[in-house]
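The following pair of complexes shares a single chain, chain A, combined with chain B in the former and chain C in the latter.
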Partner chain A sequence: MSTETKKYPVGMHPALPPPSGSVGPVRWMRDNLFSSVSNTVLTFLGLYIIYLVVPPFIEWAFIDSVVLGAESRKECLKIMGEDRGACWSFVYHRWGQFVYGFYPMEERWRVDVSFVLTALTIAIVLVEKLRAIKAVLIAAILFPVISFFLITGGSFGLAEVPTNKWGGILLTFIVGLTGIFVSLPIAIVLALSRISKLPIFSFFATIFIEFIRGVPLITLLFIASTLLSYFLPPGSNFDLLLRVLIMVTIFSAAYIAEVIRGGLAAIPTGQYEAADALGLSYWQSMRLIILPQALKISIPGIVGSFIGLFKDTTLVVIIGLLDPLGIGMAAIATTDWAGLSTELYVFIGVFFFIFCFGMSRYSLHLEKKLNTGHKQ
Partner chain B sequence: MKKLLPIAVSLAALTAMNVSAGTLEDVQKRGVLKCGVSTGLAGFATPNDAGKWEGLDVDLCRAVAAAALGDAEKVEYVPLTSKVRFEVLKSGEIDVLSRVTTWTFTRDNSLGLNFAGVNYYDGQGFMVPKALGVTSAKELDGASICIQTGTTTELNAAEYFKLNGMTYEPVPVETSSEGRANYIAGRCDVYTTDASALAAQRSVFEDPTAHVVLPEIISKEPLGPVVRHGDDQWFDIVKWSHNAMLVAEELGIDSKNLDERGANANDPAAQGLLGTNTSKLGEMLGLDKKWAYNIIKQVGNYSESFERNVGKDTALKLDRGLNALWTNGGIQYAPPIK
Partner chain C sequence: MSGTQVQENKTVTLGSLWRDKKTRGMILQIFAVIGILIFIGIIISNTVENLDRLGVKVGFDFLSEPANYDINQTLISYDSSDSHFRAALVGLLNTLLVAGCGIVVATIFGFTAGVLRLSNNFVLNRLMQVYVEVTRNIPVLLQILLWHGIIINSLPVPKKAEALVEGVFMTNRGVFLPQPIPQEGFGWVWIALLVGIVFAVFFKRYANKVQMQTGKLLPAIWIGATAIIGLPVLTFLALGSPLEVSYPALKGFNFKGGFVVKPEFMALWFALSIYTGAFIAEIVRAGIQSVSHGQTEAAHALGIRPNFTMRLVVIPQALRVIIPPLISQYLNLTKNSSLAIAIGYMDLVATIGGISLNQTGRALESMGIVLGVYLFISIVISALMNVYNKRVALVSR
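Our next item is the complex of A and B:
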């Protein structure tokens, strides 16, 4: 009888580990995957589907695939032999076109520098700690300006590169980022105008928003590419890309304005009245009280619009601007690379997924950070 | 009344633009020719790995640039889908459209456009998998067919099936690569487009022998460059740039022997074309004396262009067929350059 049972006063016994099977992965699986007969069946069905899809995909995309050493699809097939995998060689060979479009080879460093500057700018805009430093904030304003001069050229001794040479990922970024960053302030102004008590503001804002939202983006792009030059004086050369940027921006602004209006409508009247009671002017009350709350509520909707806009940039291929998809389509139309559509769509899909997923994760992070505790 | 003002202004601008001709001056002032091409069609217009455009249609753009600017490289290629090509040309965004465009009565007469010749005689055909066991287009009743939208192929197929009392289910596609992808994936039984494009598509299939092009050619598809109405000088330049390539082939002048031929005083036809004698052919077009010399030197004659882009040694392996010179049993025939 050497086992000693230690005596504890009543209620002072340290907590025992929970019985096995009620915590950890086993418990989680029991709760989430095998809680009932139908759930168990569905779990196994899901596993079976994963088994059917994932291993062959990995085999196709990575194990049997060819990246280097093939100059055409025929050579790809020769290298692969019996095991047919993906032929990524065309992405490798056309990488320059996918990233820069037809931007001149010797000037591409300018685009690279701009990419780095843009990445820094985005980092500064998104990370709060960096934003607090004034010099850094000024840099964030300067970087896009520098990028603009770098990419367009024609000044500071840089050769001019006309916009029709721009393409690929560069074009997607220019259209997407310009649309995103320029449309937000316009959208805020539009939303405030629409709910304004001054009829002239609300009238025009409503007309503008409803008109733009009532028309598909592709129609606006057609207007930009063909109809607009009928309305401009003959001989005037209004850059096609600039026209597209304007159309994309106003399109996105109209949508986001409605999202923000939804946010504004969710603010209780008491908040407006409280602002008035404090003697704040209209702009003060908007800036300090209403908009911070309204924008916070609108984050998921705004980011949703941004993601939609980023993906809509592929529509420019219809009016002859070659974004990554257009570049890829042109590549697989050549006799060397014809027939690689699966590879192309997987590649473009991964590209867009990375950026859209990134945006959506950031929006979640922002929501959590700004959450001031109205959660139940 | 006030609301009508913008409309009136824009209408005025519209008429003003149609009146303003002078495409040649515009091109020369700009220093670059804006040429509308396909977004990607093997043999006719595709960018290569280095980003340089190549193809039979591209060569026509280069010929016009060589004639008008003296440099075949001074071309800005504007890739266009079949849907927007005419609008873009009419709006003045491009100077010439060279995009496998079929010359038809309706297009010539209702769109305010002019066709400046035929750089490829084509015809519409059908391709089916061999496994289907079909040997004639007459057996295609009830088939689903991949057709590119906004093209004459759409109309031709509709007419052909109606005429033969058959039905079909169209599967509309936007581009040729989309059409091929759909056809390979089995979403349509039949793929129809111009015979040259069918050959191009078939050549890149994993197993070209598993597909047959049916013997029926159901339409005439004369493909050629297009310009806007209202500028006859520019129309002439495009027309004769193409003709110069044909005449050069007929005279046996190519990019290698042209200096030799131009120096031969006993060869007035060659000297006239190349601008090495006193003839003033270039001047009549408002161009440099060396306009045709530049075309042949930098682009080549029609045969060189054909063989380089779609001929026997390319993946397309197209015969000259209808596109042989009239002297060789084809129908490519250029009026004399005299």
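Our next item is the complex of A and C:
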């Protein structure tokens, strides 16, 4: 049997397909996994680590785990039998506390409404098309105010709920969101003061920022819980949550101020000079020329600070506020659920990961969208 | 037109003062100073009044009173009859210990992960990305608690522990290690080490000079390393090994002898290193990526070999970008070590800012000390940072 051969004139042979080893998945694997001996070893090492960690974790967290039908850890163990998986029942069992803390049962709809309003506000702020409509924008400003009255109560015929009943995810959101939104304007003022040509302003702003950044947040929270009452007029009784909110806000303001200062420093002097040449006043030039550019380049840093602040809300548990971690620690301190610390920490960890990872992805997206191509 | 201008300049009204940039600046600053002074005054008068009302005296005399509490990990000798001041000192040393150990391991983790993140090996690249994203997005307090829980719950009790290597036991009361106990004459080994280091430094300088003059490269790193390791080892052997080792042995419910690393310390050390390592990995990645590819190509075009290109061209330029944020991560790690209080590791905040404060009720003074110490550490490190930045700053044209 002879293969059919065709004669081509010299140089007229049609292009042959590339050798199978130089395209497609084989080529990719050769380039990315087995390009050298050491690389091959590292690949197998990596795969081995994945094999060591991932299947046991999936087995523990999903396959062998128990969610429903157990009222205590003992019952969990009974259901699981030989395979020891995670006992998620306590999360299910105490779900109400994880979300609302000790907010009275019959008033929880108020928190639900506030959650929905907050979600709407965030959606409006993030989606450009919605933001363009004035009525919607006004609603976005009103929603937090409504939420505030809803949650605190004591007016409009709503029963008052004292702050020591607040807890769980509600508390995390209150501390995190208040810190984020109140600290930003303070941070802008601090940053402008620090680079101001007026020495007194820059002196005090520098001292304030360096002091706050130089000490751990936990010491500031201790000040809020033990010392702040010394500094206030005698007889005044300041709510602990409010004291914590103040401390968290100035803490994050100091960090964001430094981020914004970096952004301001990156604006070429020509922009300042051009604003002056146009006859703009200080505030006009800041509002119209400098800050829009400076804030734009500071966005990654600002979101980074927000993520940090959101994670730091867990510290309030150390001074006795009941955020989800505090609720969970109280749960695993009971005899029913003792010994479930790993489950608790993994659960809370996943909760924070979802929000923080989401924020960091959004910041990447924003960075790409706002990149007007002036970058060098 | 010119007439009006002259008139405006001559009549000084409040409005014209306000329109003048310099005067307005002065006025604003005076108001700011007055405002701040009033604010501080109110706080001080409130504090004095409050302290008066509560009958609390202010002063640091309580520091010399006995502390009356135990600390489970002490680097210097301490017992409960020692003063609050000594307790604070023990706490400070514990803070510095965990910060120091954490910085070393976090740097190793961070540089490894940062470099692997840039490798063309798909598996490792993605693995490192997962490590960085997961640890960066979970609160460090949670990670500390998680590691503490894992160590306490999954390691065996001392009675059931089996030796990993001879004399090494991993238990839920800590990791027990053989402890070397220096005998008489061991001091000479330290002196030999010092001599080795001094020799290595001077040899490196000499090698640099030779290279500048003749272009010859002397193996300075190898000779230096040999001196630093070899001299102490030789001295040690010449003195007849003046070192005894104390092995941990099970007595009752716990091990006696040897050297123990407490679970609190391990959990804190591990969690802080992993957490900060993830941030350092991103810094290292950004630093290496910031060196333009043209630099490498130029070096190759000059005929510089690849490993020298890395060492003499890429790394020095990357370090200029890496080091400032790296130092600020070190500071963050030190500050985060204050979360020790959550798992009962007795650091500065847990000793003087925790138990001492609660026992004596001296909140102002105790918190003042804690804040002062942290501020001092931050200021010293940022001062060093500024010196470094000035040294490596690009001379801009």
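We adopt the following convention: the second predicted complex is superposed on the first by the 342 of 376 C-alpha atoms of A that agree within 3 Å, B and C clash if a C-alpha of one lies under 4 Å from a C-alpha of the other, contacts with A are read in each partner's own complex, and residues count from 1 in each chain.
Rule of thumb we're sticking to: contacts are C-beta pairs under 8 Å (C-beta built on N, C-alpha and C of every residue); 3 or more make two chains touch, one makes a residue touch a chain.
What you are looking at is a predicted structure, and each value in this text was computed from that prediction instead of being measured.
Student: Both complexes share chain A, so when I overlay them there, do chain B and chain C fit or clash?
Tutor: Clash.
Student: Of the two partner chains, chain B (first) and chain C (second), which one does A:L184 touch, if any: first, second, both, or neither?
Tutor: Touch partners of A:L184: none, neither chain B nor chain C.
Student: Give one of first, second, both or neither to describe whether A:P233 is in contact with chain B, with chain C, with both, or with none.
Tutor: both
Student: Classify the contacts of A:P216 with the two partner chains as first (chain B alone), second (chain C alone), both, or neither.
Tutor: Touch status of A:P216: second partner only.
Student: Please work out whether A:L315 is in contact with chain B alone, chain C alone, both, or neither, and reply first, second, both or neither.
Tutor: second
Student: Please determine whether it is chain B or chain C that touches the greater number of chain A residues.
Tutor: Of chain B and chain C, C contacts more residues of chain A.
Student: Between chain B (first) and chain C (second), which does A:L33 come into contact with in this model arrangement: first, second, both, or neither?
Tutor: In the superposition, A:L33 contacts chain C only.
Student: Looking at the overlay, what does A:A338 touch: chain B (first), chain C (second), both, or neither?
Tutor: First partner only.
Student: Touch check for A:A140: first (chain B), second (chain C), both, or neither?
Tutor: Neither chain B nor chain C is touched by A:A140.
Student: Chain C has the stretches 148-156, 220-228 or 238-246; which one runs into chain B?
Tutor: 148-156
Student: For chain A, which residues belong to both interfaces, chain B and chain C?
Tutor: In the superposed arrangement, which is not itself an observed complex, chain A uses residues 222, 226-227, 229-234, 317-318, 339, 341 for both chain B and chain C.
Student: Looking at the complex, which residues from chain A come into contact with chain B?
Tutor: The contact residues of chain A facing chain B are 73, 77, 93-94, 96-97, 101-102, 162, 164, 222, 225-227, 229-235, 240, 317-320, 322, 326, 329-336, 338-339, 341.
Student: For the complex, give me every residue of chain A touching chain C.
Tutor: 31-33, 35, 39, 42-43, 46-47, 49-50, 197-201, 204, 210-211, 213-219, 222-223, 226-227, 229-234, 307, 311-315, 317-318, 325, 339, 341-342, 345-346, 348-349, 352-353, 356-357, 360
Student: Mind pulling up the chain B residues that touch chain A in the complex?
Tutor: Result: residues 10, 13-14, 16-17, 20, 26, 36, 38-43, 46-49, 51, 76, 78-81, 83-84, 87-88, 90-93, 175-178, 180-181, 184, 200-201, 203-206, 314-316 of chain B touch chain A.
Student: Write out the stretch or stretches of chain C touching chain A in their complex.
Tutor: Per the touch definition, chain C meets chain A at residues 25, 28-29, 32-33, 36, 43, 46-47, 49-51, 53, 119-124, 127, 133-134, 136-143, 145-146, 149-150, 153, 335-336, 338-339, 341-342, 349, 353, 357, 363-364, 367, 370-371, 374-375, 377-379, 382.
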